[in-house]
Amino acid sequence: MIRQLTKTSHVLIGFVLLLAFWQVTVLIGGFEESLFPPPLKVGKAIVSLIENGSLWTHLQVSLLRFGIGYSTAVVSAVALGLTFGLLPRLWVYIDPIVQVLRPVSPIAWSPFIVLWFGIGNAPAIVIIFLAAFFPVLLSTVSAVRKVEPIYLKVARNLEMRRFPLVAKIILPASFPYIANGLHIAIGTSWIFLVSGEMVGAQSGLGFLIVDARNYLRLDLVFAGIICIGLCGLLLDKAVGLLERWIERQWGR
Amino acid sequence: GQGVKQAEAPAGKDSKKPVIKIGYLPITHAAPLFIEEELGKSKFKQFELQLVKFGSWPDLMDALNTGNIQGASVLIELAMRAKEQGIDLKAVALGHKDGNVVVTANDIQQVADLKGKSFAIPHKFSTHNVLLYLMLKQSGMKLSDLNVVELPPAEMPAALAEKRIAGYVVAEPFGARSVAIQKGKVLFQSEQLWNDSVDCGLVLRGDFIRSNKDAVAEFVAEYVKAGAVAERKDAQAKQILSKYMSVEDKVLDLSLQWIKYDELKLDAGSYKELQTYMKEMGLIPNPPSFEDFVDNSFIDEAMKR
Amino acid sequence: MSDSAAVRVLDLCKSFGSDRGDSEPVLSDISFSVEKGELVSLLGQSGCGKSTLLNMIGGFEKQDSGQIVMAGQPAARPNRKCVMLFQHYGLLPWRTVLKNVELGLEDSGLDASRRRQRARDYLRLVGLDDKQDHFPRELSGGMQQRVALARALALEPEIILMDEPFAALDTFTRYYLQDELLRIRKQTKMTIILVTHDIDEAVYLSDRILIMSANPGRLDKEIRIQAARPRDRGDGEFQHYRKQILEQFHFDRPPSPAEYSI
Amino acid sequence: MIRQLTKTSHVLIGFVLLLAFWQVTVLIGGFEESLFPPPLKVGKAIVSLIENGSLWTHLQVSLLRFGIGYSTAVVSAVALGLTFGLLPRLWVYIDPIVQVLRPVSPIAWSPFIVLWFGIGNAPAIVIIFLAAFFPVLLSTVSAVRKVEPIYLKVARNLEMRRFPLVAKIILPASFPYIANGLHIAIGTSWIFLVSGEMVGAQSGLGFLIVDARNYLRLDLVFAGIICIGLCGLLLDKAVGLLERWIERQWGR
Amino acid sequence: MSDSAAVRVLDLCKSFGSDRGDSEPVLSDISFSVEKGELVSLLGQSGCGKSTLLNMIGGFEKQDSGQIVMAGQPAARPNRKCVMLFQHYGLLPWRTVLKNVELGLEDSGLDASRRRQRARDYLRLVGLDDKQDHFPRELSGGMQQRVALARALALEPEIILMDEPFAALDTFTRYYLQDELLRIRKQTKMTIILVTHDIDEAVYLSDRILIMSANPGRLDKEIRIQAARPRDRGDGEFQHYRKQILEQFHFDRPPSPAEYSI
């Protein structure tokens, strides 16, 4: 209880510091209000977004897209990662392809994403998928390879077959590293929400920012940034909790 | 809202009205579209209109080229380029006339002052680039005399306010913005550089036009009507515009002053002029011919009514 | 060449490729056999190849040449009849003690309740029936080793291989577990091959000690321990065997420190 | 030698597979060439870029910007990370701020980046800086906390003072984790090159892609994607080599 | 209360807060003193608080109450006069052997060449002058422990504290290093406090053994080993001490396995 309280107070003090810094920058820099809105104006923008309900709508849409993109990426990347991790002979051919595709920004792909997936929800989901897919895939493959040989020896000794081997040994043994990949992926793919919702989406937090930017409403842009930041933080914590919950089930 | 939708759904099912998806950017230049949708919503007989907002021209063009939208209100030069690249597009109307301004920092008195400074345009294939070219030509300068940068329009007022650029030319309301906050001034109106300049156009995909002639005819007719409403620039028009664009009234008023929405027909003369400039600037060596690219049959029909 | 041999090792050789591409012999011409129910220790210094030899018997590593015969049949791959106990126990940290012991029984056609019963029986045998719902990390090292033993025993194997099973435990725990091992062995009549570098442990536990020397690893000597059980580490007979083994090691190598290869 | 050769052959086979897949997609999908260019056309585009020398120019500019952004990010993030790692009392206030800023896309910041840093080189460098800064900062802070207590005990026993403690113990001991952060950061910040070079830059690989997209030259977009992918791969390998070199100096 | 005491420990108490918020006593009322030049062993089961006690003497941990006096002065924080050797050696893996030994000399005002010379001298003392450019991981466990010893010795401290210094080594290496320790000690006349759970080791090395018991940790008995050096692990006198200590442990606790707290 008391720990929780001090922690909250740290967070609050941190944000107060940030607000103070921000306000001071606005004052000292002498920036035009409409170009660099002060905290109070942004606060009002957030309140207005909440009051007219649009924040909630955008948030819902974004979370839905993110949920679909991220979860399909996780499922497919973990499944493929387990496969490739267990078939190193195959992986040597796939690895260079992945390594070259990974560092390309989803933005660069957007003409092709529109070609294949149209506009609206699909490209946003695909971009989030892409951003999450590669880190999870790579961390799963390397996690499978890092499984302690002693566990594999135990399994061989017990004459375990392929499927139980994966389900009972390899998946739980590599889970901590996979979870680490999931953690990294949630950060990077959330970052690409903004890019994803630039391609013809008509709602969502990313759309909110792009749209506000085109309206030259930088207070709304800031409001969107704050929402994205807070949501990203909460998502990260949520994945952390889930991770710890699974680990507790597995007695670590 | 909900009641309308429910009433509309069965009708849509019965008659299988084609959906026209039109892409746009939230700029004053697309005002006829906004008004057409707002006034005509659920009243169109031959089609359903769906406006799709984009954040930037490249994103919009991707959607248009791949057929994810049937048409767009887009920089006409950009559409010409797509046409040249083999995308089947037709310009059926203009978005507006005039209303592009060259905005510069307050200390710029004449074009020569821009020499060696940075100057922003939204896109290579834009009327704004042409206007810049013409402005420089009139003052005996070349594009290479200043540092031309492509910048997202939204970034321009900030860049000008912080003196990162000496000026810019772009669609509205981004020009009015700098003037409204007194960080910039109007150096030229577009008509001072190029009378009857051609800018944003209403472009549709050729395959869609061919298979939905009636729908397109009604769509363009309504579009022209909406242009007339926009041209009134009255309280109703402003209220609709601010719904689609949500800019401050001051900025909107200012930008509306500069724009005309009446003659929305792209005539051969203006197009030829544009073709010449494009060739001169080396942007499109072989611009599509007027006959290939412009389809004025619908707008002619509409104006007859 | 009697049929009573549980394991027979014949002219086993093994070398590992070194970093430089040449291969270094690790074991050369190892031959011995272990009778059913016997407890044999492999005793030698660090790096003499004890683990390698045990791994080959367990089927985890391939020999370069030679033969390993188990219950009359050439051994090739790890199997449930010959279970290995590892130094760091090899318990699955994500399973409870009971679930760890059940692991080996899960695909063996036993139904869930009988499987659970059997796992509990063996946990009782090692004295840990009250810890069945704990996770391994909640147990001390000695307890973990006993869980690993229960898991191995639950398979009811013919042979148990142990690689320095008590090396990581403190002396008192080690003494206790050594007694436990002897008690359980008496009940189950298991054949046990045990690797150790602890002379006292080898003398205390074994029916027979195989002394190995290094570079390349080979069998130097075989000592049959005939002292009656329970043995007393302090008595004269014990010290006699101790001395004999120590001398064996000093015999091999000059007393210069550099040669100790530590 | 032979290992090197087989490795190269794996890479080659991987790419041949990719090209085949690509060509087949083009053929089966029946896509318009200008919308989804086939490999041959892209190959020609790459050759033409190399021949007129523009590829090399763009590459140089991008690498320069990337080098500046990344290296300043690394230096400042490692320095700050060491500081915060050693001053956990301070970090509790900074941590929430960082956690909220991190998940925000640099694209969302772009109006403010233009305001503060102008156009051209600066925003590209700033965006790359931002993308690299947070992963390195976070991994450095956690690396400092993961330093084995035994090393700190040894240092205390030797009555080491603050500065030698950091230089001789904490930095080398936390290096493997920091290096891991550097590795992740090089990937994520390279991804943002494209975004960075969208803000008023007139050169660079990101600009090449954006510009080619404006010109509707999707073959050039593809060429840019391939260059970015290959460079990203090479950068990653280079950091890996550097890492291993430092580790070898430190005898691991 | 003579001034010849190198370390004097008075009524030391220590408890650790457990997860549940209450604090458990780990050490209670520990008092003893160590003379200059003496080698004293702390012998006890795992978890009885040996490491905690040694850490407090070294200044790494604060006592709850009681006093630690070193050379007449209350000890408060770790210092160069009293060096700790850790079980896992605490060598810096990113420094060569020589650089590891030099570590403690670097801020002591010695110039580079004399510093190097001194480090080399102590490496020679532990018999590793030929390994100075190796990295720790390239050495065996026994060699690493000797490097750690050289690093400690190079500081020329008054007291060396050792926490289970040989527990991770194999028996043969352990025997060798024990002899080495005695040889070096003879040369340097160091005061040594050594923690171990190995009865043989304690008897072989110590002038005096302090036997600890657990829950909470306390000193049970003090045994002065008067056997002449070099000692023989096999002879009767040695076995006598051994037996005496074993009995001490059996005396404390019933033979039931559950009570072994392993």
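Think of it as A, B, C, D and E in the order they're written, each chain with its own count starting at 1.
In this text, contacts are C-beta pairs under 8 Å (C-beta built on N, C-alpha and C of every residue); 3 or more make two chains touch, one makes a residue touch a chain.
Here the structure is a predicted model, which is why all the values come from computation and not from measurement.
Within the contact network of the assembly, the step distance from chain B to chain D comes to 1.
The chains in contact with chain A as well as with chain C do not exist; no chain meets both.
Among the remaining chains, not one touches chain D and also chain E.
Put simply, the chain farthest from chain C by mean CA position is B. If you average the Cα atoms of chain B and of chain C, the two centres end up 83 Å apart. Computed centre separation for the pair chain C/chain E is 31 angstrom, with centres defined by C-alpha atoms. Chain centres here are Cα averages; for chain A and chain E they lie 50 Å apart.
As a whole-number value, the distance joining the C-alpha centres of chain A and chain D reads 18 Å.
Of all residues in chain D, those touching 2 or more other chains are 35, 110-111, 115, 198, 213, listed in ascending order.
Contacts with at least two other chains are made by residues 58, 62, 66, 152, 154, 158, 161-162 of chain B. Counting only pairs that meet the touch rule, the chains in contact are A-B, A-C, A-D, B-D, C-E, D-E. Against chain A, the residues of chain D that register as touching in their complex are 7, 10-11, 13-15, 17-18, 31, 35-36, 92-97, 99-105, 107-112, 115, 184, 187-188, 190-195, 198, 206, 209, 213, 218, 221, 224-226, 228-233, 235-236.
Contact residues on chain D toward chain B in their complex (touch as defined above): 32-35, 110-111, 114-116, 118-120, 198-200, 202, 210-211, 213-217. Against chain C, in their complex, chain E makes its touches with residues 45-47, 127, 140-143, 169-173, 176-177, 180, 197-200, 233-234, 239, 242-243, 249, 257-258, 260-262. Those residues of chain A whose C-beta lies close enough to touch chain C in the complex are 150-151, 153-154, 156-161, 164, 168-169, 172-173, 175, 250-252.
Those residues of chain C whose C-beta lies close enough to touch chain A in the complex are 58-60, 77-80, 83-84, 86, 88, 90, 92-96, 103-104, 106-107, 135-138, 155.
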